[in-house]
Amino acid sequence: MTSKTFKGFAILASLILTFGLAQAEPKKVGFIYVGPVGDFGWSYEHDQGRLAVEEAFGDQVETSYVESVPEGADAERVLTQMALAGNELIFTTSFGYMDPTINVAAKFPDVKFEHATGYKRADNVSTYSARFYEGRAVIGHIAGKMTKTNQIGYIASFPIPEVIRGINSAYIHAKKANPDVEFKIVWVFTWFDPAKEADAAQTLIEQGVDVIMQHTDSTAPMTIAEEKGIFAFGQASDMMEFGPTARLSSIIDNWAPYYVARTQALVDGAWESVDTWDGISTGMVEIGEFSDRIPENVRADAQAMSDAISNGSYHPFTGPINRQDGSAWLGDGEIADDGTLLGMNFYVEGISGSIPN
Amino acid sequence: MDFAAINPLIFFSTMVAASIPVLLAALGELVVEKSGVLNLGVEGMMIIGAVCGFIAIYNSGSPFFGVLASIVAGGLLALVFGILTQVLHSNQVATGLALTLFGLGLSALIGQPFAGIKPPTFPKPDFGFLGDMPVLGQLFFKYDYLVYAAFLLVIVVSYVLNRTRAGLILRSIGENHDAAHALGYNVVRVRLAAIVFGGGCAGLGGGYLAMIRVPQWTEGMTAGVGWIALALVVFASWRPYRVILGAFLFGGVTLLQLNLQAVGIKINPAYLSMAPYIITIVALVVISGSSNRLSNLAPGSLGRLFHKTM
Amino acid sequence: MLVFERRREPSRFWTAITPILAVLITLIAGGILFATLGKDPLEAIKTIFWAPLFDPDLSAYARPQILVKAAPLVLIAIGLSIGFKANIWNIGAEGQYIMGAILGGGVALAFYPLEAWWIFPLMIVSGIAGGIAWAMIPALLKVKFRTNEILVSLMLVYVSEHFLASVSLGLLRNPDGVGFPGSRNLQHYASASNAELFAGTGIHLGVIVAFVSIFALYGLIRFHRLGFQIRVTGQSIRISRFAGVNPNLMIIFCLAAGGGLAGLAGIFELSGPAGRLSIDFNVGYGFTAIIVAFLGRLNPFGIALAALLMSLTYIGGDLAQFMLNLPAAAIQALQGMLLFFLLSMDFLSQYRIRIKHWASG
């Protein structure tokens, strides 16, 4: 055997070996959740995304998760351990994981991180978030058309831009659909407390609302709406089984396409740090099936709005829109810039009450 | 936008229904504390009651079995606490906290397959024409069975504690276990019974939450109600009827702030949410200050270790 | 018939052996639990109890992290144990921890972005003061009105939690945080940052202080007159008067010790590992520390061991979640069982079990 053929043989062998190893060693993808996967809201939907990754990649990818991780010191430790254990891509699925993600990412330049809803990025940290306000525009329209009492209840969690944006978007479109509409907004200061959310729904109904929107995670408001015979919308997941007659539609967090795409990028070696803020167009925000109880023309209008938002011909925050105090925010035809939307801390004109702090 | 927009009748009836879980749990804890035992595991017993009640009503379709399962589950977990603290003399505070930890974990485990399912509807009694009466119907005849059962239980507990021999024994053991022991009462047995009763009540309170109030099973759904129950017992200065008042106050404050928001009155929810706890502390100070009637006071041997000297 | 006889002195042999026995029983019970969940019990136990300490890839990071996670538990439990020994029941350490963090963090943030050497010490002192101030409420009410400190301190936990939510959303909210709740990150404020002392370990000043406090308490209890007075007060207030103890001062001292150390733990945690004050800044150390204090039999070294054991199960529990897909709830249940067994086995060191016949009884 000449040395040349030996060399060739060796290369071939090592190729087979690496190829074989690549086949045998699946890529590890990790997830950390702020709540339990059984919350049927935020963390549950992220875990559905994880399961979609498992489904899509089979043996190529191995996923794992840690649930109910407090934001802060514990998150940083869990992330470090996941990185040490060989995860190559880690999704950190809550705003409060932002600083821990950045810290750990700095220590593990070869590990890729994806942080949900934050604003800090690095070469190995992407951020992603969903334009839920697009969905809220559509259900706001439906709510405006469906209310008989002209009173719409809104169960809000914490006064942060994400939630305020949703209220504004829903209000603007409800108002367009029905100029007499009024919003009753209740802040519950929790993302997840079924009993308190149920109380909030009950209170709103007593105050005469006949459509409820929620920006909290539990299905309790839907259950109460069903019991009291009023309308509601699914939040985060479809919630069909909790309100078969009450549920008009829903805004579903669908992280699956994004998670699959990012995992694909990792597998292909094409992963790059990006900032993603997707809405209806990519399916990250999904509008649940319209109920038969919505009149046909309203359904058609809502569908048209959804389509227009999806193809980019309509933006839910298109002027003229004034701030609550009457000062001008967007001129005629002007479209809100993402910067203002991301930091939104004011109500638009017409909403009564003030944002608590 | 003003107060007038809040209908007092509806507010009251919602408040009554909302206060049942904490009322039941506090009533049970009251009996436990009257016997001289402090069980900080209320939250754990409630959530075990919630999950077991839910599973039972879902599988059997029978509200009766749901209620039964809640009580039994809460009682069994309480029995663990009882054996540890009364027979094995472990520290009550630490054991109670461990009980909460264990209850939260175990309930989440056994409840996993039942998350996101709707339970069968819990029936309400039909009072016929009574329920149709203008004001009174709304105030008194619109609730489910457990609401009436809970109030009945308050009356029974109050009667037994204050008017019967069994209640006297229980109170004397709580007041001074050494003296009670010297009189020949079986301190451990009475306390075990009180602890199990307390667990059953807490379990039922949790069950109410999962079967009626919300109604569904979700991990961690008690969200701190058990801790409020502990506050309530103090607020009520260990008197059953005052537990009702306290439950209305605690439930009412939450509802009130939601109502105020809904009618557009500007409030700071954080400060309003603190109010019941601060009122409880004030009440506690007042009780402690006016100590001429013994029955007003906290049970004398609350939380203290009892061991027979032979 | 079985009869329990109280020993005059806790048995040394059983005191040493029961924790080991309890852990072994937990391993068996936990193994059964994991097996019913369809997991390999040996693998699960190994991941929780062995991997953080000895796994070649993970232990280098996990070992110091066990210390970091144990530090607040040790600090708080040490402080509480002083009161518990004297029969003074502060169970509101969670609230004192929160208030220490709020006051200490608030002071630091008030000076932002000034860089000066004195900010960090001032912040630490404010943290201690915050904890003490919060603990003084039950202390003074007890001294003045004989109000039950267990209940007052517990109530104050909820008040402080609501206060934390309020400042996270209002007063101390990060003005550059795009409207999200939570304060600035003190890790990014050099003068207020409690940075790690040894690169890559996460060990911060609080860890050192926590372990110093173990010896401080040992010295206090063993060699100082105060230690004697605390023990006497625990046995009987009446007798303690003869020993020259002022019961009111004792109440104030015990609650101040618990509150101060809890506040200290809060400010160390805030300025170090956690960084930001946010709505869910507190993760239950104040309550877990109570359990830790009792697991450690109120002995400073026992407390250290108990805190390390708890910390190990937290860290091992994280590993078991993502390596074996064990649900977080299973870990929680395992911890609950461990605590039950540890608490109940103490019985063996306190009592002697005798078999007695009916006739002779």
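Letters are used for the chains, namely A, B and C, taken in the order the chains are written, and counting of residues starts over at 1 for each.
Here is the rule we use: contacts are C-beta pairs under 8 Å (C-beta built on N, C-alpha and C of every residue); 3 or more make two chains touch, one makes a residue touch a chain.
Every value quoted in this text rests on a predicted model; they were computed, and no experiment measured them.
J.: Does the chain-touch network form a line, ring, star, complete graph or other?
T.: The chain contacts form a complete graph, every chain touching every other.
J.: Write out the two chains that share the greatest number of C-beta pairs in contact.
T.: B-C
J.: Any idea how many Å lie between the Cα centroids of subunit A and subunit C?
T.: 36
J.: Distance from the CA centroid of subunit B to that of subunit C, rounded to the nearest Å?
T.: Measuring from centre to centre gives 28 Å for this pair.
J.: What positions in subunit A touch 2 or more of the other chains?
T.: As it turns out, subunit A has residues touching two or more other chains at 36, 189, 356.
J.: Multi-chain contacts in subunit B: which residues touch at least two other chains?
T.: If we look for residues of subunit B contacting two or more partner chains, we find 108, 112, 219, 268, 270, 273.
J.: Two-or-more-chain contact residues of subunit C, please, as numbers and ranges.
T.: Touching at least two other chains: 165, 169, 327-329.
J.: Subunit B touches which residues of subunit C in the complex?
T.: By the definition above, subunit C touches subunit B via 5-6, 37, 89, 91, 137, 141, 145-148, 150-152, 154-156, 158-159, 162-163, 165-166, 169, 287-288, 290-291, 293-295, 327-337, 339-340, 343-344, 346-347, 350-351.
J.: For subunit A, which residues count as touching subunit B in their complex?
T.: 36, 38-40, 153, 184-190, 192-196, 198-200, 202-204, 206-207, 218-220, 223, 241-242, 352-354, 356
J.: Under the definition above, what is the set of subunit B residues touching subunit C in their complex?
T.: The touching residues are 38, 40, 80, 83-84, 88-91, 93-95, 97-99, 101-109, 112, 219, 227-228, 230-231, 234, 268, 270-271, 273-274, 277-278, 280-281, 284-285, 288-289, 291, 298, 302-303, 307, 309-310.
J.: Residues of subunit C touching subunit A in their complex?
T.: 57-58, 61-62, 65, 68-69, 165, 169-170, 173, 178-182, 185, 187, 200, 202, 269, 272-276, 278-281, 283, 315, 318-319, 321-323, 325, 327-329
J.: Write out the stretch or stretches of subunit A touching subunit C in their complex.
T.: Answer in residue numbers: 30, 36-37, 64-74, 76-78, 80-82, 84-87, 95-96, 99, 103, 107, 119, 158-161, 164, 189, 342-345, 356-357.
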